[in-house]
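By written order: A, B and C. Residues from 1 in each chain.
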Amino acid sequence: MVRPSLMAKNTDMRWRLPLVCLLWEVAMIILFGIFVRFNPEANVADWEKEKQQRNVTDIENEFYFRYPSFQDVHVMIFVGFGFLMTFLQRYGFGGVGFNFLLAAFGIQWALLMQGWLHTFQHGKILIGVESLINADFCVGSVCIAFGAILGKVSPVQLLIMTLFQVTLFSVNEYILLDLLHVKDAGGSMTIHTFGAYFGLTVTSILYRPNLEQTKEKQESVYHSDLFAMIGTLFLWMYWPSFNSAISNHGDAQHRAAINTYCSLAACVLTSVAFSSLLQKRGKLNMVHIQNATLAGGVAVGTSAEMMLTPYGALIVGFICGIVTTIGYVYITPFLDAKLHIQDTCGIHNLHGMPGLIGGIVGAVTAAAATEGVYGKKGLTNMFDFTGEYHNRTPSIQGGFQAAGIAVSLAMALVGGAIVGGILKLPFFGDPTDENCFEDNVYWEVPGDEESSLYCMHDSNAKPVINP
Amino acid sequence: MVRPSLMAKNTDMRWRLPLVCLLWEVAMIILFGIFVRFNPEANVADWEKEKQQRNVTDIENEFYFRYPSFQDVHVMIFVGFGFLMTFLQRYGFGGVGFNFLLAAFGIQWALLMQGWLHTFQHGKILIGVESLINADFCVGSVCIAFGAILGKVSPVQLLIMTLFQVTLFSVNEYILLDLLHVKDAGGSMTIHTFGAYFGLTVTSILYRPNLEQTKEKQESVYHSDLFAMIGTLFLWMYWPSFNSAISNHGDAQHRAAINTYCSLAACVLTSVAFSSLLQKRGKLNMVHIQNATLAGGVAVGTSAEMMLTPYGALIVGFICGIVTTIGYVYITPFLDAKLHIQDTCGIHNLHGMPGLIGGIVGAVTAAAATEGVYGKKGLTNMFDFTGEYHNRTPSIQGGFQAAGIAVSLAMALVGGAIVGGILKLPFFGDPTDENCFEDNVYWEVPGDEESSLYCMHDSNAKPVINP
Amino acid sequence: MVRPSLMAKNTDMRWRLPLVCLLWEVAMIILFGIFVRFNPEANVADWEKEKQQRNVTDIENEFYFRYPSFQDVHVMIFVGFGFLMTFLQRYGFGGVGFNFLLAAFGIQWALLMQGWLHTFQHGKILIGVESLINADFCVGSVCIAFGAILGKVSPVQLLIMTLFQVTLFSVNEYILLDLLHVKDAGGSMTIHTFGAYFGLTVTSILYRPNLEQTKEKQESVYHSDLFAMIGTLFLWMYWPSFNSAISNHGDAQHRAAINTYCSLAACVLTSVAFSSLLQKRGKLNMVHIQNATLAGGVAVGTSAEMMLTPYGALIVGFICGIVTTIGYVYITPFLDAKLHIQDTCGIHNLHGMPGLIGGIVGAVTAAAATEGVYGKKGLTNMFDFTGEYHNRTPSIQGGFQAAGIAVSLAMALVGGAIVGGILKLPFFGDPTDENCFEDNVYWEVPGDEESSLYCMHDSNAKPVINP
């Protein structure tokens, strides 16, 4: 199909990738050495003191409130996002492997950035299980953005994007949570809206006019769709943990899990309905099932810990299943053809629009909060109307929540434009257009060397290009 | 092989499936809006009051007692059952995808049905994490029944079956738990016996005389067997959570997990032994490994929370590994040939017989309970011999347990016959005999359109039939 | 390729495998019947008493401290190790299936052995959730050793090895924990060092000179590498649970999880760096990504619960990613060619060297412990300097830790030599050299019978050999 001679770009990672990995990891070690320590609940001497002062026993250690949720979130980031991105027929290694790489780097940098901005005291960042969850959350937004550029960038580009995106995420999160005093426990705004529009801006800047050449490779094969379903299901099942992981203890975590469970269940039904409705002969499309079924989790990210109520959650899920499926059928092709936004995984459908909806639902739910429903103390606790915020009312909070959406969107667009520009620099080893969506460029693919004959539709298809 | 002209039935789902999904989901929203609210442990105002009244802290919220187990059960329903049913070579999408669809609908309807029958107070259903577990349990019985008809029905038929089966499950559960005051924390009777015999009755009514035509498609290929092992292992590993999820706090949950762990371990050994013994040349059969190894979990469903003891659990597991493997080798072919019961996944072996054994083991264990072993207070707590049941003795309890088996069986057979009759109506779009076990009928299968040439034993095999 | 006539050995398992499975399982039942009972936290009568005596509520039951971690460890043993070993193109059934078999037997025997040696009182072994974790840990060392001989032994040989290795593991653990009073919560010494060098000794004794014949089968195919990544990721994600599962309540579990999280993250970066650096054209090798990324978890096994600090953990992970990757590129071929150690999965790289490093890091961290960092009470609790050990100082403890490494290594080498000798006996049905790494020998492989034609690079490739 394509001759080696057409390969003008040098995609050899041999020095660039190791250099970036090693230098940055050394930097992490130095910065951790200077700044990062255990928080009192993970520090042997401090926890002894805490237990006496607060008159509690070991079971009240933050670990037992959050560790199971942390592990579920961890699975979502690494197996969920990782396997969801194995749907391409020849990019499974890249999907799950590069996601692994960028997330492993990103969580370290996120611990630092979020630490400096949120919990920096006396020159130290004190980390505990909640820090690990927040780092995973931050990296989640990078995994989302990765979905837009999947198959079209080198691992070095991904690491650079991770460095910048984690930084911008943390700044945006700081503005929302600390300055605007906004609630966003499941990250509809900070994670999904920010991550999606950041990624979409990056991919539009990295626009490749000749991608139709690789049309076949942009599709799945039978078994790659089943691998992707592993990712889908782990994301779907553990989303209640995602949205409840950093909520307040007790009722808030409990409620966030229930709301998310309900929203996701409704979302499956409408995704299936519209997938069938919009396909010829009413056949279901795996792309919709793999993605649109998850939109309900995205869209209750902000409001799940509030008194959204189960039927409110069902309504949100109902709408998002429809919006996302329509997005895949009509909006993604439109963005590609008209706006030159090539969105490999359709993150605009799964994270962009549902993220915006989630921000709006959160603002409305906050504005509609009353003492009648929450109780006086409950309302104060829920929105943390204490200290300098003791005068805030739910309706004012709703306004700030709405402002949070706008800020996240602005940060994503501006940040994405800058980072996209940086990634366009010619020395990061991105693949040629005809080599996109092809593991063979950056991975030793088994069987590549021995033979050029291969069964056309074989799942172990060996690429014809041997650079 | 088969010509399009032979396809008399209309399997186009374009209007039927969306209509059912959307209408029913709207109904869910309305019913949830009228009936479903958070229970006091998930409600911000109520939990504040509870904490004061009961003088407890947040860690005593029901959420922390049950949420990790809930998530494990959730994985069993969606990944466990879903992937277990991907073993067919050309029905992976249907196996995991339809399971996803029916379970997502079923949990919503189960929240309502179980709520009305078990926790309805002052016109409201108050839900919490235990409700989510119970809804998942209820749907588990539908997933089991799905196993019998896998590959032979349309998604509309599955949704209709789910609607009726969840309803009947809830009624049966009400009779057992509330009227007979029977213990069945892991659902040997309510989930497995009921689900299996319901599904077997349905499949016998939907009997298809010409299924030998699809013999090849009823088999696995190498990679589909590995996908199925994902399902097997998550079911096997998380079964201790399944059987302990709704047991009493403390020792009961603890004990249920240990008993299940032991039973499952023993079951693997005897499954392997009999798989080798009954095959020619002593080779192991993946069908047995995928299924029979799980029978030990089914069969301690009722008794795991009781003082079954670890060696008692080993004995139960030992027996069930043998019974189930023998079932696959001898009983399934017999049921098919003589009784016209076509049981795709062999649920009679994995859930039917072990479920019955589990009910009997539960009855015997209950009848054998003594104050010497449980302590006076422990015995009362274990079997809830309070209120109108304060006069029950263990031996009477054993009798009621046995009655529970009979009721579950009767409900399954009668209910299955009625529902099977409904599903036989000609307008639900079920596939023709020659199109059974074939994803191509209801799914866009990648690569289907471009070529009719394909590699015969390719895992991405494209069906020759293009309707 | 190979003719049936060359098959001198009898690999028919029909009587041998069932006999071993059934007899041993009967033995388990008898021994459990005599010895094993629930511990007070899982026993209904005892827990009632405990609650009163200790004045606690149900949430303080050991179950809630450890059950989520137990389930994560359980996933690591069965899905983690199981799927990690499916990377071979024609040994997926054997990888995941035999791992399932040996682990299911091993945990039962481990409950007995560890019970007799650690918790035997008044003639009974009292088990609880911590016993289940310890049994899983013990079996983990057998799964490691299995990695060295993967594809070259019969299931009967594996069961025999499990019987002996669990026994020796328990004795070694007893010497370390009870006699030397060494800390090793994550098992760098007891699990990884012991398991790896035991397995390497066994495989060197079972040396097969003609394995190059099966060179192709020792490689992966595209989808088998993705299956293996399921194993890798579940091991990687849940390793923080592994290292914290049996640590002290509160800060120690909390800290162990954080340290492990950090070490693993760093390890991914250096594994990727060196994989790219050492391959031609800088392409990443899936073998390195699947394995070396995990070395960081192994190497903080001893020290994770200590005050290793996050940057200390990063340094350990940094080093181990490098050491392990270099191991795969240079040391494994060297061991094979020069020392006749055929290490299928490269356990020397992933468990051997990092296990030794982990032991050393543990010894150094223990020796460096001060009252300034731990507090007086904290130091005593951490290292259990009570009773006959009340005079131990951190530096003496460091010396004993170092002795623990030596003992583990010695036990592994001597034990492995003896067990290897036993496994060499000619009547256990091991495969011929040309049939190694081939599921067809012990499994019914789908499609085997119908045709000898198959697509060369098909993932469902049917072996040409039909014995």
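In the analysis below, a contact is a pair of C-beta atoms (placed from the backbone, for glycine too) under 8 Å apart; a residue touches a chain by one contact, two chains touch by 3 or more.
All figures in this text were calculated on a predicted structure; none of them were measured in a lab.
Matching the C-alpha atoms of chain B with those of chain C calls for a turn of 120 degrees, to the nearest 5.
Annotation: the chain A:chain C pair of sequence copies touches via predominantly different residues, less than half of the used numbers being shared. In whole angstrom, the spacing between the mean C-alpha positions of chain A and chain C is 32. Residue positions of chain C touching 2 or more other chains, listed in rising order: 59, 64, 68, 223, 230, 455, 458-459. Of all residues in chain B, only 12-19, 21-22, 24-26, 28-29, 32-33, 36-38, 41-48, 51, 57-59, 61-64, 67-68, 71, 74-75, 78-79, 82-83, 86, 92-93, 96-97, 100-101, 104-105, 107-108, 111, 127-129, 132, 155, 223, 227, 230, 442-447, 451, 453-455, 458-462, 467 touch chain A in the complex they form.
The part of chain B that touches chain C in the complex is made up of residues 56, 59-60, 64-65, 68-69, 72, 89, 219-223, 225-226, 229-230, 233-234, 236-238, 240-241, 249-255, 257-258, 261-262, 264-266, 268-270, 272-274, 276-277, 279, 281-286, 289, 293, 307, 309-311, 314-315, 318, 373-375, 377-379, 381-382, 455-459.
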